[in-house]
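You will see subunit A twice below: alongside subunit B first, and alongside subunit C after that.
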Partner chain A sequence: MDTAPLTVASPEEPQETLRILIADDNDSDRLILQTIVRKEGHTVYTARDGQEAIDIFREQSPDIVLLDALMPNVDGFEAARTIKALAGDDLVPIIFLTSLRDATSLADCLAAGGLDFLSKPYNRIILQAKIKAFASMRRLHETVQRQRDEISLHNDRLIHEQEVAKQVFDNIAHPGCIDAPNIKYLLSPMAVFNGDLVLASRKPSGGMYVFLGDFTGHGLPAAIGAMPVSEIFYGMAQKGFSLQDILREINKKLKRILPVGVFCCACMYDLSFRKRSAEVWVGGLPDILVYRKKTRVIENLPSRHLPLGVVDNDRFKTETSVIPLDFGDKVFLWSDGIMEATNDRGEMFGEDRVRDVIASTPDADAIFSAIEAAVEKHAGRGEQDDDYTMVEVTMVNEEDMGEYFSDRGKSFLAGGPKDWSMTYELRPQTLREFNPLPLITHLLMEVPGLRPHSGKIYTILSELYSNALEHGVLGLQSDLKASADGFARYYLERTKKLSDLYAGSVKFHIDHHPVKDGGVLTIVVEDTGPGFDFKAREQASHKKEGYSGRGIPLIRTMCRSVRYLEPGNKVEVVFDWHVDV
Partner chain B sequence: MAIWSTEASSGELTIKIQGRFDFSAHQEFRDAYEKVSEEPKGYIVDMKETTYLDSSALGMLLLLRDHAGGDNSHIEIVNCNPDVKKILTISNFEQLFTIR
Partner chain C sequence: MSTNPERHVDVSALQDLKEIMESEFETLIDTFIADSTNKLEELAAAIAASDADALRKVAHSLKGSSSNICAGELSELARQLEFMGKEGTTSGAAAILQQLRGEFITVAAILQKNI
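Moving on, here comes the complex of A and B:
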């Protein structure tokens, strides 16, 4: 934005040429005055009565008007009123010329819009001084007017920029599924410029995340942080990342981009319909209140953490509280705007008043609007430029959500690859130089809803891959790992053999097909080794005490089945998964 | 709102904040720790006469912490009234400052 400097004209500028209108019906008086004023270097227009004065004013718009009070046709008083009306917002100093002496007449001059009067006969010094004084007053007025116009222009531009910025913010920091039937919320339309942010997203595994953030400060600086928070929140929520993962990512990002001293007080709420519970993290916001519908008891969940963006991730903590919820139980999240809404006696609304409102509202579904009304009554203002941000999330039976979730839920799990298979063969050069597991895991995580199982899947893949590579292709014996000494030797040999590898391969065959609320993932890993006597190994595996042989039994606890195929160089794992485990 | 700072012979800088501690105190608060003759060994923020604290004040405390060496800083916030203490507690600032 270009900001033209606001200049203030100095009232002590050197002699300037003014255009001065003199109206007097007395020819000699007019001539005397005209001579004096002209000698000062000003341009003079003359009029013989009020009407002429008005006409000349219309044509010439002079800077200063000297007006005889008593004139034929239109007198000075009326001419002054008309000229003032014509001048509009501009200041045209009118000085009355008068031989009247009584206080009432002089007061009439001022009442008619004159700024001063000049008594006849004229004193040259006083006349000069007055013209000078009024000229500078006029300049000052012009400066103020110009600045006012500039400010108003800047303001218009600022509002326009904010409107455009708001559209961008609304597209990015959209409130997601905040309009779900089990959510009520209060958020000023310009909240993003108060630094307040409300986000809600359906989880691929069912359930929903709600995020309420409150950035320090106001205006654009506060709004800027909302963009990455929103992007991370929606991006990760839809991929099925955990609450902890999302918070850590947001914290990392904000810590990196925000200047010291700017941060985001926040709470994040993870509601699971099927488990009938919620997980809550609060950092720097007022206590979350949990309202139990059956008992009408109110419980507090206080902030236990630093706000987001204050400390690095190694000091950032993501411990949460888990609360069981019954149908109809409500949870209230808010920024400090509600709690700190102040009445004319300077008292903040505070949690006690919130509790009073809840206690005196028997109908649970009326609580939200009752709190809203009470805050507005307390603060005594109804306008919208406040920063009251509040969200109520009710635990409901997912089926009671009606169309809203069934439709969204379907479309939500509908996107992405669900029914596919692939074969991926890794030849020696790739085996030597590349770890395929992150790539395969990444590919699998594109299956909607599978993300929460990423830990297990990674374990399965890495166990199968290392067995195929190390025992199958490289021919290493796991017996070596029986002692601590051998363990080290095993890995030394692994490195050496791998760098000398020029034959053999490991082949993944992965198949996924969807079933209701989940899917079946089949992973087959085959190597070019000779295979091994898996029947004997299965007999013995549960007796082993060494450093090896734990992988396959571990995988067995995670999957439907683990099956070796003859001649023992091929293993098949079937993994069943369901949403909201 | 007014802010004073005094350097003790023990090498600690005490910053006293009177009245509301909010964004209007920004420059004065910075001056209080930036315009000192010697780098202090530690800082004491005396909130005895502080009536209120807003989130930008929390930001200013973080700026002081950064100025004083971040994780290696020694900053005590003392004499907080219950309202001020509550705000510091909600934000869990006891993890970053010594609050007495």
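Moving on, here comes the complex of A and C:
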């Protein structure tokens, strides 16, 4: 290369150009100061008195102000106060130019808003140092201010987002029928951000589910899990799924979506008014207390399970405790917030205190508010910052619920397909490769109110289908199944014949029509087999029951009628069902 | 002039100031002399009127500007007048003003010589 750089970059950092206001009534002093500052590369504005200084500040908003203390008209102190007021939140370093020496005068300078002094005679080095120091102080202040504004903006946005999130949560995690007359509950308005959740739903079959959940952690991470829990709970409860089904589904979902270490302590309570009992599942929450109204005895139902979202469904247990209940008996569910509320000595509220409160409250209907008051007194906190979640469910005569459920009950049966029929024919390829039962069951479960009968319906369908396929289409003899050995041979043969199947079919004809508070479901299954002498078989089956022949008698106990039609390749089952109110 | 200039003006500091001011140095000297001449009259008026506060203010200003122009003795005399003003008195100020006037004439001469 034959070209050399023409300039060499200075190793020093480039001089920052500041805009500096100098106010001094003394012409020669002002001239000296102005010359020094200008030589440092700054832009200078000059004023002869305090008023001029204020006017220039207003127009130019300089970065630093050098202010003589004693000036005619408006003096330096007055000017400093006005300039500070004009600057507002911005930091405008004011340096007093003074040959004042006494402490009182210097204190006056500080009181007026001065940050430093420059004494006469002026020293160029000191002046340089001060300007540099105050320039960086000003930059620092600007940075802090900008960050403060950003933080404040972020905070505003966060609060706004929380409000929006809360609205979404409130819509999804709505409390269902938590305001039913037999339920009392305590739940902070922002409980979802404490990770607490209370859900209640009426069951289509009558009775109600109550769910209390307590997610680990706080804030948005704790709140996230509330959405799927609520959706699953309400979706499945209204379709009539069992407590076990709902818990399994919630557990599966939470296990899949929640990070390790985040889970949901929960209890689910299934109250049946008609049976006067309740089923309870508790996972990781404090003991549920059952209060017997007549005897005033308190029983504990401890947690017997892991919280939701901890283990996979194959290890998830849904065993429940069944408790018989009399009218007026109460069950208390809570998150650990109540039990662990501490007083100023660090003592937790605890179950003993709960029991004391109950024991000293003869009026059963006053227990709930007595516990609430006792916890608040114990913790000495206002209602504002509580994260106490507590639910009391009272066993009542359903008639005593008054109008509460009367309208809602109807709506459970509203909508959905109620009056219809269909024919579904399965030909060889389908018979070989496809099990139609889940699909048909799923279709039937769309009938409003039929869900609680899904177990029976599945039993009926599977018995009729396997008879039609195995005996009708495949021609297998059920006599084979009379011995354990034959049972195995039967299934070997079934597999072989099915894979070789190229002709025949099974036809479902399903008809549903509604009646008051229920419906009539008729299932006809027809196969292409030759049929069988069902009259003889029916008589025989009364006498002996071996490995075979158990299915149809069982079905007879579930249905209004089971009828074979000639020539024995067609069977009709009529199933009556009613909403269990 | 027979007196040693160093007793009135810090000449080496003045040279530094001259370097800083460059072409403005002459203006500075002219400004200082004109300004100080006015101040001497204001001081005389304040003493004549026994106005201690005016004495304090004008003397304070002169104290500062003469220190900046490296005239230590002049600044010291101004300080004495300022102190009197602050004490609320003008008695005896006339004698010091007389001394200050002489000092100013000497300083002005040295400054003009250094341009």
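Brief remarks follow.
Criterion: the second predicted complex is superposed on the first by the 433 of 581 C-alpha atoms of A that agree within 3 Å, B and C clash if a C-alpha of one lies under 4 Å from a C-alpha of the other, contacts with A are read in each partner's own complex, and residues count from 1 in each chain.
Just so we're on the same page, a contact is a pair of C-beta atoms (placed from the backbone, for glycine too) under 8 Å apart; a residue touches a chain by one contact, two chains touch by 3 or more.
As the structure is a prediction and not an experimental result, all values here were calculated from the model.
With both structures placed on the common chain, the touch criterion links A:Ile323 to neither subunit B nor subunit C. Looking at the shared chain after the overlay, A:Ala87 reaches neither subunit B nor subunit C.
Legend: residue contacts after superposition of the two complexes on their common chain; A:Lys39 is shown touching subunit C, with no touch to subunit B. By the touch criterion stated above, A:Val262 is placed in contact with subunit B alone, subunit C being left untouched.
When the two structures are aligned on the shared chain, A:Ala165 is found in touch with neither subunit B nor subunit C. The residues of subunit B lying in touch with subunit A in their complex are 23, 55-56, 58-60, 62-63, 66, 89-93, 95-96.
Taken in their complex, subunit A has these residues touching subunit B: 214, 216-217, 260-263, 265, 283-286, 302-307, 310-311, 315, 336. Within the complex formed with subunit A, the residues of subunit C that make contact are 13, 17, 20-22, 24, 27-28, 31-32, 35, 57, 60-61, 63-65, 67-70. Interface residues of subunit A, counted against subunit C in their complex, comprise 25-29, 31-32, 35-36, 39, 70, 98-100, 120-122, 124.
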